[in-house]
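Next up: the structures, one after another.
Both of the next two complexes hold chain A, though its partner changes from chain B to chain C.
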Partner chain A sequence: MGSEFVMFSLTPMLIGVLASVACALPGNFLILRRQALIGDAISHVVLPGIVVAFLLTGVVAAIPMLLGAAGAAVVAVVLIEAIKRLGRIEPGAAMGVTFTTLFAGGVLLLEQSDTSSVHLDVEHALMGNLESLVWLRATDWSSLLDPWALAGVPEELPRIAVVCVGVILLTLVFWRWLKISTFDEGFAQALGLPVGVIGMGLVITAAVAAVAAFDAVGSIIVIAMFICPPAAARLMTNGLERQVWWSVLFAVLSAVLGYVLAGYGPLWLGGDNAVSAAGMIATVSGMILALACAFGPHRSRVGARAEA
Partner chain B sequence: MTPLIEALFLQAGYNAALVAVGAALLGFAAGAAGTFLFLRKRALVSDAVAHATLPGVGLAFIAMVWLGGDGRNLLGLLAGSAVTAGIGLLAVEWVTRRTRLSEDAAIGAVLSVFFGLGIVVLTVIQTMSSGRQAGLESFLLGSTAGMLFQDAIVIAVGGSLAVLATWVMRRPMTLVAFDAEYAAANGVNVPGIDRLMMALVMAVTVIGLKIVGLILIVAMLIIPPVTARFWTERSQSLIWYAGGIGGVSGYLGAALSASAPDLPTGPIIVLVAAVLFLLSLFLAPARGVAAAVFRHRRFQRKVHRRQGLLALARQEPIHDELTLRVLRSEGLIRADGVATETGRAQAAKIARDERRWDVAREIHQDTGLTGRYDGLTPIEEIFAPDEIAEFDRRIGGPRAIGEGL
Partner chain C sequence: MSEPSVTLAASGGQAAAQARPDAALSLRGLTVSYGEKPAVFSVDAAFPAGQMTAIIGPNGAGKSTLLKAALGVIPRLSGEVSVFGQPLDAVRGRIAYVPQRASVDWDFPTTVIDVVMMGLYRQVGLLGRLTGALKARALSCLDRVGMASFSDRQIGQLSGGQQQRVFLARALAQDADLYLLDEPFAGVDAATERAIIDVLKSLKAEGKAVVCVHHDLATVRDYFDNVFMINVRRIAEGPVATTFNGETLNATYGGRLAATHIDQLNLVEGA
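After this line comes the complex of A and B, so read on.
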């Protein structure tokens, strides 16, 4: 069990956990700011960004793809804002127009270009390939101390780890600013805080987290993790600090439980093939949210009649 | 270009023609149904509905295989997708009503979770012996290549029914979309109509799965109404504009995609709609960007002309470049900045207009009249000649420029 687990399950599980946490943290603030669907929009426009990066460089390499995807996310946010202002269109519709168009453009580019030689397709972008991120050089737990084995961990792991730590640090450093500007923008402005910059910074942080996570786990987990753990956490408590802790807990729980259920669940049920881990992680996060909706101590609106 | 023309005139084969007609009908129904969503400001609910179809497609396939059927029967798959789409829709409503989460959080949660579940079901199907060639992935982005004749019929009939339903229900739905509270006061069952709108959106989504795919069908519901909004201010005509734009996008997109390889139908239809949107955004007569820029420039010119003439009347030097340019181009001043004969006449007229307004505002307490003073409107447009004569009596006779005002 030990060696097999380290080799095949430890790294995907870690990557899943780190990606989930990296997305759930900014998700807390996006939900409170009623920008929950920004995550949805970003994860759609990542595809054209990656395709353009591939067409420009001709290789499937991590850094250009991350840059392309982040660039596409920023372009999308700017476009949404422009359509909203120029056309006087409500935000939801402006977002819908933008991300579907960019996504359609990405699919068309992908179909038109010769990507048969490389591993780049729409389904991969949606579902990720968490299961394939195995650590082949590991033999058992002692490999964690073996430099040769450690050099062979899938490259997605250090990348998502760096992004996750970065998101955590940003959240800690800008905690007060984020908190004040999220709850009372007018007050934040009166204090002289750069409200616009904070808002844009939050969206860009979310985009970077989405792009890094997307690379490893596909866009379903990204959208699910932006929304489900923070939303469930919101129903558990009224304090922002506690909400963030709950959301991290839910994110980790979804990732671990989802991965285990996807890998071993079918075996317990008598099947012999694992199901999609990304899909299962999203499903588990949805279950957690459903439970929170049904039983969360702070589920109803303030002032609403308590439900029997 | 010939294949495109053939496809446009429905000459590119029977199936291609059916697909083009089906796409046009679908586009029309989607545009019209999407208008209600757009006016209700619930455009993105359709995204949750669309993504929630995926587990239904998968489960329907499994169920049909278990029952010994083909599993790829389009009607069965669409029925399954409608069931989970409906559950997803109810979930969005349940979460929004019962908890303090906002609707956008509910939408995001439902779409990601149902989509994730759908992917799980698809991986289960891939491991089934009959599942390898199921081709259910084609529902993600739509695929009309190799579509069966009976599938095209299903889409064409479904599209026609959706158009018909929109037409039958257009009045109550317009009323609710335009002003829900007024509708409720008139005895219209608003929640019922809302549910009906959603049912229509769901029907369009399900019919569109095969052509446009579940990720992009939301574009067919959102882009046409947003585009149509640039062309009309009336909610009645908005529906038909949106339907028309959707229909044209569907038809053109399907024809384009049939004319060459590697042009996936769904994305092409969406991109055609997006091009129409961009054209409207910039070129629409009243609400377009070009029209707004033009209006702004004309207003700017009027202000500079008037202020320039007032400066001439007061014999003040003019330094502003734009003012000088405007006055010169109308022949009101010479190149060296000295007023021409016309310029002096116009300046005297404007100065008098200004003076009359001053008096008018002293006499009239009625802000309904004097409130119209914006420094641009000639006083003759607001007050009657006898009133103006009264103002003139108070000012005294006309004076030549230079004698003071």
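After this line comes the complex of A and C, so read on.
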């Protein structure tokens, strides 16, 4: 059991956890800023970026994909702003138009180009390939100390690990700026804080997390993790610090539980095949949100009016 | 008799801004525009230290816009802002700002004391420690507005008046010399209005400059020393006793104020 777990489940599970946490952290602030759809938009628009990067370079490699996706995300953000300002359309509609159009463009590009030789297709874009990210060089837990075995971990793991650590550090360092500019932008501006840069930095951080996660786990998880864990966490507490901790806990729980349920759930129910881990992780995060809506201690947001 | 102290914009030009070098906040030629129509046009103003000034004018006259543009919260098209004779960015630590209560989401997951501590963020920076002494200072600011017993309350559970007092406590925590408040009395209960005006008067007694966007003409005479009247352009500026009269009110509100209403405002005799 131990060796089988290390070889087939440890790395996908870790990647799922890291991707979930990396998306859930900025998700907290995006939701409080009523920009939750930005995460959704980003995870859609990375597709055309990745396809264009593939068409230009001819390979599916980490750096060009990240660059292409980041470029597409920037294009999307600029487009959203432009549509919002020039068309005087409310932000939600501007985002909706932008991300569906870019995603559709990505699908068309994908169909027109010859990507049959690589694992780049619509299905992969949606669901990733979490189950295939196995660690074949591992024999058992001692492989964690074996340099040769460690050199063989799927390349997605160190990539998402670096991004996840980066997101955590940025959140810690810029905590006060994020908090105050999210709660009271005018006051933050009057203090002389660069609120525009902070807002843009948050969106860029979310975009980097989305792109890194997209490659490994697909856009379904990315969309779910930007929204479900932070939204559920908001219903558990009335403090921002505690909300963020809850969101991390829910993200980890979704990833681990979702992976296990996808792999073993159908067997327990008498079925033959495992189901998509990405789909199950997203589903679990949705279930957690549903439970928080039903039983969370702070689900009634309008508190009793205190006496004057 | 008091005619010279009333500066009507037609005659004023830049005289007002230059006449008071001691001004806590002075604006010159401030113009702000949303889209094509200017919201504030070429406004000169000088708000003195050690006094309370009301900015009054009809809805959409640019009162809040003037305040926000002076603070750089919204970009200005042109004009100069100086605070205690220095450029804005050099003296931000001496300015406290109280935005309109309705401008934030009170469902935000945070507590009363947390909001007041935000007034200390400029002082402690990004990673500086919020020491016990700083927390004690935040608590004493809450105490000044009569909200100390609410410090651990979630902000969404407060009444409108209590929220306004928390915002004032946050401004007090900034320990500034210039206080800019955007409609601090809007929609608050009588007890809160009393508490706020007491605090503002004590700030004035300490020599601080207090500037409020104000909407209740009936209390202007009781609360304020100076009045700044605006309707996109500056209409008049000066001591309440001489400047706040039927002529300037008519010029500011453009006849939207009924004559009977003006009569009730307890204006200066014969003005």
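The criterion applied here is as follows: the second predicted complex is superposed on the first by the 302 of 308 C-alpha atoms of A that agree within 3 Å, B and C clash if a C-alpha of one lies under 4 Å from a C-alpha of the other, contacts with A are read in each partner's own complex, and residues count from 1 in each chain.
The rule we apply is simple: a residue touches a chain if its C-beta (ideal position, glycine included) is under 8 Å from a C-beta of that chain, and two chains touch if they have at least 3 such contacts.
Computed from a prediction, not measured in an experiment: that's the story for all the values here.
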Joint occupancy of chain A by chain B and chain C, clash or fit: fit
First, second, both or neither for A:R234, with chain B first and chain C second: both
Which superposed partner A:G96 touches (first chain B, second chain C, both, neither): first
Which superposed partner A:N129 touches (first chain B, second chain C, both, neither): neither
Partner chain in contact with A:T171 - chain B first, chain C second, else both or neither: neither
Touching partner for A:T57 - first (chain B), second (chain C), both, neither: neither
Which superposed partner A:F187 touches (first chain B, second chain C, both, neither): second
Which partner, chain B or chain C, touches more chain A residues: B
Smallest distance from any CA atom of chain C to any CA atom of chain B, in Å, after fitting: 6
On chain A, positions contacted by chain B and by chain C: 234, 301-302, 304
List of chain A residues in touch with chain C within their complex: 32, 173-177, 179-180, 182-184, 186-187, 189-192, 234, 237-240, 242-243, 301-306, 308
In the complex with chain A, residue positions of chain C that touch it: 68, 71-73, 89, 92, 95, 97, 99, 103-105, 107-111, 114-115, 118, 121-122, 124, 126-127, 150, 153-154, 156-159, 161-162, 170, 180, 189, 191-192
Touching residues on chain A, where the partner in the complex is chain B: 31, 34-37, 39-40, 44, 83, 86-90, 92-97, 100-101, 103-105, 107-108, 111-112, 122-123, 126-127, 220-221, 223-224, 226-228, 231, 234-235, 262, 266, 271-276, 278-283, 285-286, 289, 293, 296, 298-302, 304, 307
In the complex, chain B residues that touch chain A: 38, 41-44, 47, 94-95, 98-102, 104-105, 107-109, 111-120, 122-124, 127, 137, 140-141, 215-216, 218-219, 222-223, 225-226, 229-230, 262-264, 266-268, 270-271, 274, 277, 281, 287, 289
